[in-house]
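Both complexes below contain chain A, partnered by chain B and then by chain C.
And now, the complex of A and B:
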């Protein structure tokens, strides 16, 4: 390959886990009031993509499918070093589960003529981990999951990945185009540079792409196209446990014997 | 969400003019001024400059302004009210009641001041606030006025060229940024200003150490506070304590301030005393909280926050040079805190100094004709001040800041109380240990109920106090020594 690789990175805005509470009256998660942040595993996805930029001069474009209020995660992506970022937003996407989400992101990867699509391991709000493999399936591309490190080989049109496996690691090679899911915490995300941060927060406006721009038929996505249905949510009340402090091993043995436990 | 998604859909077509991000954005010399620290002084300076159309960047190290800021505290708001109004300001309670009390190891003698006017707006411009909320709000006002704020960025050094401060270094990659003016509003622990040689490292006798706890009560915490401190829904209490029972054998005092549903309790004293008198701040605070006259206020309380911080308190004498070529020092960085036992005030001076500094910068920009705004023209000795040809502002053009401050209550108050601090230091044992003990004994004597005539008790009480002071002559001398306190 002569021209530089195009790398797309999928990122998602999630409620800050430290900020999510459960409404004791209704038992539902109170997500609305939690601060919205970048899905933490996506930091590792961005870092892996930016390393490809450093190593082989890849052009890196971040995108998110979500409402316009998700723009701050795109600003962060540009602050960290992405060349550009796109907001994929359309009423037609509302209610999408992982199937149409993957489909939409697959269209987006094609739209940017991507050689590599890099994603996080999973999100901290839905944590299905289905989106990256879903995209690979829709596009019929190779996929590399739980990736700890990438080694680009543009001369062979290949991407090598180090994957952590039980008892060690393995190195796998995939021909481009390829979808990568980076292991959470497997690299050390860089901080944003000062001038890029200033640009991203004060001037940057993301590209905006709707279903039409991506060539998506609205019937293919959204709630109606989503095979999963959430039946309902329950909170489990903690069970009160009896507590008793015993002072010595002998007392404990005696207490257990009394209960007929031994 | 419906609306915003709609917008997203439409604007795909409205975007032919969109320019993709530049490969290497560069903001050198695009801001007129950089403010280091988005605390009270920094935001006040930023508001003042942005109001006059200067491009201002505030750089704050916290996750948001106020995230790490510690104080008592009572926020004094006269200047903030003039600058941006108090609408929407996140206040906890207005101060409707003050109490000043002397503590010996076991006794308390005090006076409560509850002024009718304080219960009316503007409440004597005194409010208990939580700095995490208040500083964020004030910085927002600066952003509304047109300033830019970036957070999670720590300024590590200043860039200096040929005697001019021409920008800052930060802890971020490619972290240098240039601008004609740098306003240092980094608070009392001013590592950047000291590191760059704009002020000397403080003498330990000019620094106080403060520790503070925020506590709350089980159940309806606000109601408990209102009952214990005899407060209504909106008013709060500010208690100051002196004497051995408060800050031990040190120069300092303790404070209690009521927030909405929490109480701040802490103490402040000279670092020197903490070293020479071997005072452990945490232990001392616990001793204060369990003083027999204080403990009932804190029954069943639990601590939700514990913080420690330094306060500059050298007064007018310890004030560093406020203006430099291309830089100004404001707020605690300039040592503008009044901490003399009776007053613990820094917030109003921080805001006032930020305001005057901002004004001076605006005047400097207006006074230098555009054609002269480059290095070669303004630098003395014909040398080129800046390698990049950017504008520089010599300290002489910023002199109106110290001049205005000199005329304002800030320096007047600091100078006025300078002598007090000296006197109190000289008389420390008498004032903080012997006199409170004598007064407590005298009061016990005076109010004693037994079978002796009141006259006898009265005489003994008088004797006890005068004995400590060195007789009537001693009392007169002491009165003379402290006459200026009410002047």
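And now, the complex of A and C:
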């Protein structure tokens, strides 16, 4: 292959977990008031993509499917070093669960003619981890999840990955095109450079893609195309804990003995 | 959307995750729980174990002994070690041919990789990392999963698509004891994948410890605070006759093996005693240990959230507290009592 690789990175804006509160009266979650941040595992996805850019000169495009208010995460991606970024937004996408979300992102990966699609391990708001394998399945591409490290082999048109498996790791070679989900915390994300940051904040405007631009039939996405429904949200009874802070190790040992724990 | 005729679908399938003949314990946990769900299903339906791998004779027999009515075995060297593409294709074929109503998969890294891959082509509804399973009056699977540190349980249903799929966290359900007198049918299915069609190749695989911490009565768990020195928690664990576990931070830093990780992306433990050492108490961690009987926290930050989720806490440097605690426990009136 002579062309540079095109790498797309999927990122999502999520409510800051530390900010999500539960209304003690209604038992509902106050997500709306929480600050919006980049899904923390997606930081690792961006870093893995930017490393491919450093290593093989790949062009890196970040995208997010979400409302226009998600634009700040795209600016952050560009500030970190992505070449470009796209907002994938359409009323037709509203209410999508992982099935239509992965379908939409699969179309987006094809739209950019991607060789590699890099994603985070999971989102902190829906935490399914299903979107990246779902994209790979829609496209019938190779998939590499829980990836700790990538080793590009453009001469073989392959991407090698070290991935975490239960109790160890494995090295897998995948033929391009391929979908990667990077393990959360598995690399050290770089900070944004000052120059890039300025550009992202002042000049940069993300591309905007709607269903039509991506060639998506609105019936394929959104709530109606979502196989799962939330049947109910129950507040679990919080586990009652003594919450007693003792002053000495002797008291701790005594408390443990009293509980019959030792 | 292509509507499916949900009435054409029957049986509960459990994916038996197996690596080189070693079965992930969550597979047996799921078989046991699925057997309970079978009580809510029509009598002519079966509990089916699905085993994909190589040289699976023993695995298939054990699946019967652990509760399956039938085992579907796809046995071929192509399936060892696990790869998403050949496993996915084989599964899709079997689903298209046999139309299972429910398919349950362990929430391990392999199980999640596999479930995400296969749910899409079948347009199945897939719920991630459940801790509760039930069947409602209309026969739909109700998959419950905790959110926000276990403060909320969301119940997910899938009414119009089949199969209804879920991944389930390891350690939540109890496996059945092996009973070799049980009857069941072992059926070898056609292998539909060839090496030429695969797009991945496993070049190297190194698997060390696959400890099972989910059965332990006592657990001492290490967090970021241990700074790479596992000595204090190992000594404390020994004094308490406890299993050693870890937060994700301690695992990501490489101080502790992944098999010992507790939490949303690790295992669920419910010991009599859980000692969190140098662990902050992030929601993802709490979800894996909230059902412990007694929780002890050792942390040098009085504001660490873990203290709100502990019965007894001590504010102090773990490098001092652990060893002092070991000494205090050993001084207890009767050492036998300590270890009883």
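Some points to look at:
By our rule, the second predicted complex is superposed on the first by the 235 of 262 C-alpha atoms of A that agree within 3 Å, B and C clash if a C-alpha of one lies under 4 Å from a C-alpha of the other, contacts with A are read in each partner's own complex, and residues count from 1 in each chain.
Here is the rule we go by: a residue touches a chain if its C-beta (ideal position, glycine included) is under 8 Å from a C-beta of that chain, and two chains touch if they have at least 3 such contacts.
Only a predicted model underlies this, so the values are computations on that prediction, with no experimental measurement involved.
Touch criterion met: A:87 reaches chain B, while chain C stays clear of it.
In the superposed three-chain model, the partner touching more residues of chain A is C, compared with the other of chain B and chain C.
Legend: residue contacts after superposition of the two complexes on their common chain; A:229 is shown touching chain C, with no touch to chain B.
With both structures placed on the common chain, the touch criterion links A:242 to chain C but leaves chain B unconnected. When the two structures are aligned on the shared chain, A:169 is found in touch with chain C, with no touch to chain B.
Taken in their complex, chain A has these residues touching chain B: 67-69, 78, 83-84, 87, 89-91, 94, 190-205, 207-210, 212-213. Per the touch definition, chain B reaches chain A in the complex via residues 1-2, 4-9, 11-12, 15, 18, 20-27, 57, 148, 150, 153, 170-177.
Interface residues of chain A facing chain C in the complex, by the touch rule stated above, are 17, 20, 22, 27, 29, 98-99, 102-103, 121-122, 127-134, 136-138, 141-146, 160, 164-175, 178, 184-186, 219-220, 224-225, 227-236, 238-239, 241-250, 252-253, 255-257, 259-262.
Listing the residues of chain C that touch chain A in their complex gives 1, 19, 24, 81-85, 88, 108-110, 112-113, 115-121, 123-129, 142, 146-148, 150-161, 199-211, 218, 240, 248-249, 252, 257-259, 264-265, 272-273, 283, 290-291, 293-296, 302, 307-316, 321, 324-325, 328-329, 332, 337-338.
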